[in-house]
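Given below, in the form of structure tokens, are the structures.
Common to both upcoming complexes is subunit A, partnered first by subunit B, then by subunit C.
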Partner chain A sequence: MTTHHLRTDLLYDPAALFWLDVRGNIARIGMSPLVQESTGSFVAVQLAAAGATVAKGESFGSTEAEKHVGQLKAPVSGKLLRCNERVQETPRLINTDPYGEGWLVEIDMTNAAAELPQLVQGEAEVKLFFEIEIKKYQDKGWLAEK
Partner chain B sequence: MKTWRYIESDGTGAGYGLATDEFLMDACSDGDKATLHLYTYRSHCALVGRFQNIHAELDLDACRRENIAYSRRLTGGGAILMGENQLGVCLAIPDALGAATTRDLYHLLSAPILHALRQTGIQAGFRGKNDLEVGGRKIAGLGIHVNPHGAAQFHASLLVDLDIPLMLRVLNIPLQKIGDKVNIQKVEQRIATVSGLLHRPVATDEVRQLIKSAYAAHFGVQLACQPLAPAEHQAIRQLAEEKYEHADWVFQRSPQPDMTGMGLKKTAAGLLRTYVALKGETIKSVLITGDFLGLEPLFQHIEAQLKWSPLDQQHIEKVVELAFEKHNTAEAGIEPAELCQAIWRAALGAMKEVQHTYRGSCYYPKISL
Partner chain C sequence: MPDTLASPAFSLPVIQAAGEGKQVSPDYVRLSAASAMALRLQSGRFSRDFDFGGINLLLNYDDGCLSDCAYCGLARTRPGDYEDKSFIRVDWPLFDTDAVVDRMARYESKMTRLCISMVTHGSAYEDTVDITKRITAKVKTPLSILVAPPTLNRERLQVFKNLGVDMIGVGLDAVSEQVFFNRRTDVPNGGLKWKNYWDVINHSRDIFGPWKVNIHTVVGLGETDRDLVDMFYHLKDRQILAYLFCFNPEPDSRMADYQKSPIRRWRRIQLVKYLIGETELQPETIHFDDEGNLVKLNVPVATIEGFLRSAEGGIPFMTDGCPGENGEPGCTRPYGSYRPAEQYRDFPFVPETADMLAIRQELHLEEIIS
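Presenting the complex of A and B:
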């Protein structure tokens, strides 16, 4: 990726390309740099309120980038423990610091044993997965213009 | 050959029109049948973007005086004025039709509109990331919303004609307080209409039929005219009442502050005045003015490129430099660096402004007189 190094110590949702930093039963979730590089600059983020329960694949918020409003689909099931208020105030944090200040939510997982194995994980697997994804994005011209 | 549903409607209310499009999008979540809805709103309705602050974008007192309904779209972008001379295009699709990114989707779904315009002799193209333009002037705004099931609604608002003085009264646009012919001309320099470009009054339905045919041809589908059934009308009416006409939706606030600022810069060619509107750290709009003969295309190009882009000094410099390279500016009497300074000064001014006092629109920020 052109603007950020890929962190291979995290888990990745192969569908929406979210990263998950899993500690115990809590998963902190954000967007991988590839998402923001292909989507462009985020201008709005709206997250569900802490305390809400989401099932894997359900929406926990929405974003606007380039007049495109899309849903954030939960990569794991659970209860939203924390939502990043800063990223709602400054959505560009997703672009500028996707692994840091640009995190989105923390979920207390309710089905981790079944759902975590479905995520991309381990240095070799993560590298291979993103090599293929990045090649696909480049070949199809999906990366955002700088 | 695949069949898509086709619906025409006219004179719809603000909330009802938006509810119709959400209903159609959700309806195609369960199947694979897309719907093309070509319609007009009752003259007039003002619609703000999904995450905009309606108080910042519209003069709500003016809306009430002018009997203009208002609501909030599902799609992003800026405030628009819709009526009988602005064609609403909504394509509800069950999935992204093979397009993987926003840009792909915008290009794919708006191609028939460009084709239809070309059939009239209007050479329109993409401007920036998601507007359609003719000679640097915006003729249509585009937006996309994807629902949790992956179904999407693509929206376009095409200017067949436009009541600019009314727009100046209703949308929070600089120059609106002056309202003289000069300022109407400034708007006309940035906005194009089908009627204006063809130098004749064009009926919205004439454009609608061209666009209908263009969508069918472009996607190789048959359009089956299937008006809304009574039960669908009822469901849409309920959605309009519960959402698009409800204060909780219409007046919801964005956590990001809206701000505006102005930058002045003396140049060899005259005084350069630049206005920048920000939403958080995103440039919402830029307006560059000054008595510079022949530089309007340059200014409009920069304004379009900077709209909805990150507030980043290097990005601004790059956009300005590329614009100067593209346009013939040898005798301009103004340097790229001077323009960058003016824009950046305005942005800094905006950041200093007290939050939530901004009044601006998708077209221009407010001018303090």
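Presenting the complex of A and C:
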């Protein structure tokens, strides 16, 4: 959180801390600054092919950082409309521009009415949620100290 | 470039002063990414949660390391600026030395082992002395130095001892004179000498005592299994520790296109090395073919199976490195010999049950034990 400001106008997945930019039935998804910073420099990203269907909680890809590998678990159910090819070619985009060029996938949601209310949203709720999460990450030693 | 690297006789290199205002040692050092994370100087996390307190520092110079080893990320003729080079395939971010020492003091209770890695450079000895003084003034965690033999002699090693250095490591890497020549001497800007390395090993053994000197041995530089086993026995006889490393090709190095050792060979070497070091496994029980490949281990199946199932069964497959204060693994270099997405070549923690099942499959013991 040292180099990127938290956007409070987006929705956030409380499980994996993805951000979701929802427009109509389409959700663009990416990693929150807290996750990108605490994971370290990304060196590889693999995303499922566009057209694949994923249920909430299912994997739509994986990432590898200097010292970490992880699965990307879908925050909502739906069909993968687009996968960001640039981020697969240049994984560091997740670190350098997590809300912009570092986005991961766009999903055409199939259960939005039930799943969107489960996301963290609204400026006050988002701020409070991340205050708590940052404290957790600090306690785990995943964040640099000044 | 110091004369010592070009001349056939060993002599100490000329000290070269760093330019003013440059971010070089002793006022700046590089830290392994894992060390920077452990000291919370850099954000990051490991795939699995485990305690990590082995801090590795690397000297930093604008003109880098003057050696040119075929497999090393710091090699002089490897393309790219020194600042952008990796070492054992990871980035080494640069920090103010005093800030690093302050963090060591703040997190001393979590530290298990500290290590300064020298590079072959004219200022390396004096700067290592300086950094050692800064560390020992504030931190009690045992300190090792991974030395650069061309910059040292007996007197200088004695100075390290007098300053409170606990252990000396020597990155011999190549376990036979021929492999050393091929990878470290007969290279474009090479000139490292097998004899020089052994002189420093012998002086270190005299000064630091039994089991306080360690030799880095790399599997995959062109040596045979017999070369490795002979070296393990030789070092055991000398009461010198052998630390095992898996060759991991550095991009753009002259060995970038070489393959790692097959996992089967690597696991067997890990096991045999442990048995040589920690048990009374006799040389005549280990059989090789004409090419020096390990083909048979004349040990009862039940003995090996029993060991692998025991509480100590995972230890041979853990990272080899200097111990912590109480003898526990102190320098565990997570993801130093493999990417996080690859299987662990050496484990920075005690392998779990699922890990041991995979290790047993990788060993294919039925092929060498009857």
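What we mean here is this: the second predicted complex is superposed on the first by the 142 of 146 C-alpha atoms of A that agree within 3 Å, B and C clash if a C-alpha of one lies under 4 Å from a C-alpha of the other, contacts with A are read in each partner's own complex, and residues count from 1 in each chain.
Note that in this section contacts are C-beta pairs under 8 Å (C-beta built on N, C-alpha and C of every residue); 3 or more make two chains touch, one makes a residue touch a chain.
Keep in mind that what you see is a predicted model, and the values were worked out from it rather than measured.
Clashing of subunit B with subunit C is the outcome of superposition onto subunit A. Residue by residue along subunit A, subunit B and subunit C are tallied for touches, and B comes out ahead.
Of the two partner chains placed by superposition, A:82 touches none, neither subunit B nor subunit C. In the superposition on chain A, A:37 makes contact with subunit C only, not with subunit B.
Using the contact criterion defined above for the overlaid structures, shared-chain residue A:65 touches subunit B and also reaches subunit C.
Residue contacts after overlaying the shared chain place A:7 against neither subunit B nor subunit C. With chain A as the common frame, the single stretch of subunit B that clashes into subunit C is 6-14; none of the other options in 6-14, 60-68 or 240-248 do. Residues 38-41, 43-44, 62, 64-70, 140, 142, 144 of subunit A lie in contact with subunit B in one complex and with subunit C in the other. For subunit B in complex with subunit A, the residues that touch the partner chain are 49-51, 74-77, 100-106, 129-130, 141-148, 254-256, 279-282, 308-311. On the subunit A side of its complex with subunit B, the touching residues are 38-41, 43-44, 46, 58-59, 62, 64-71, 73, 85, 88-92, 95, 140, 142, 144.
The touching residues of subunit A, when paired with subunit C in their complex, are 2, 37-41, 43-44, 62, 64-70, 140-145. By the touch rule above, subunit C contacts subunit A in their complex via residues 33-34, 37-38, 40-47, 90-91, 334-335, 339-341.
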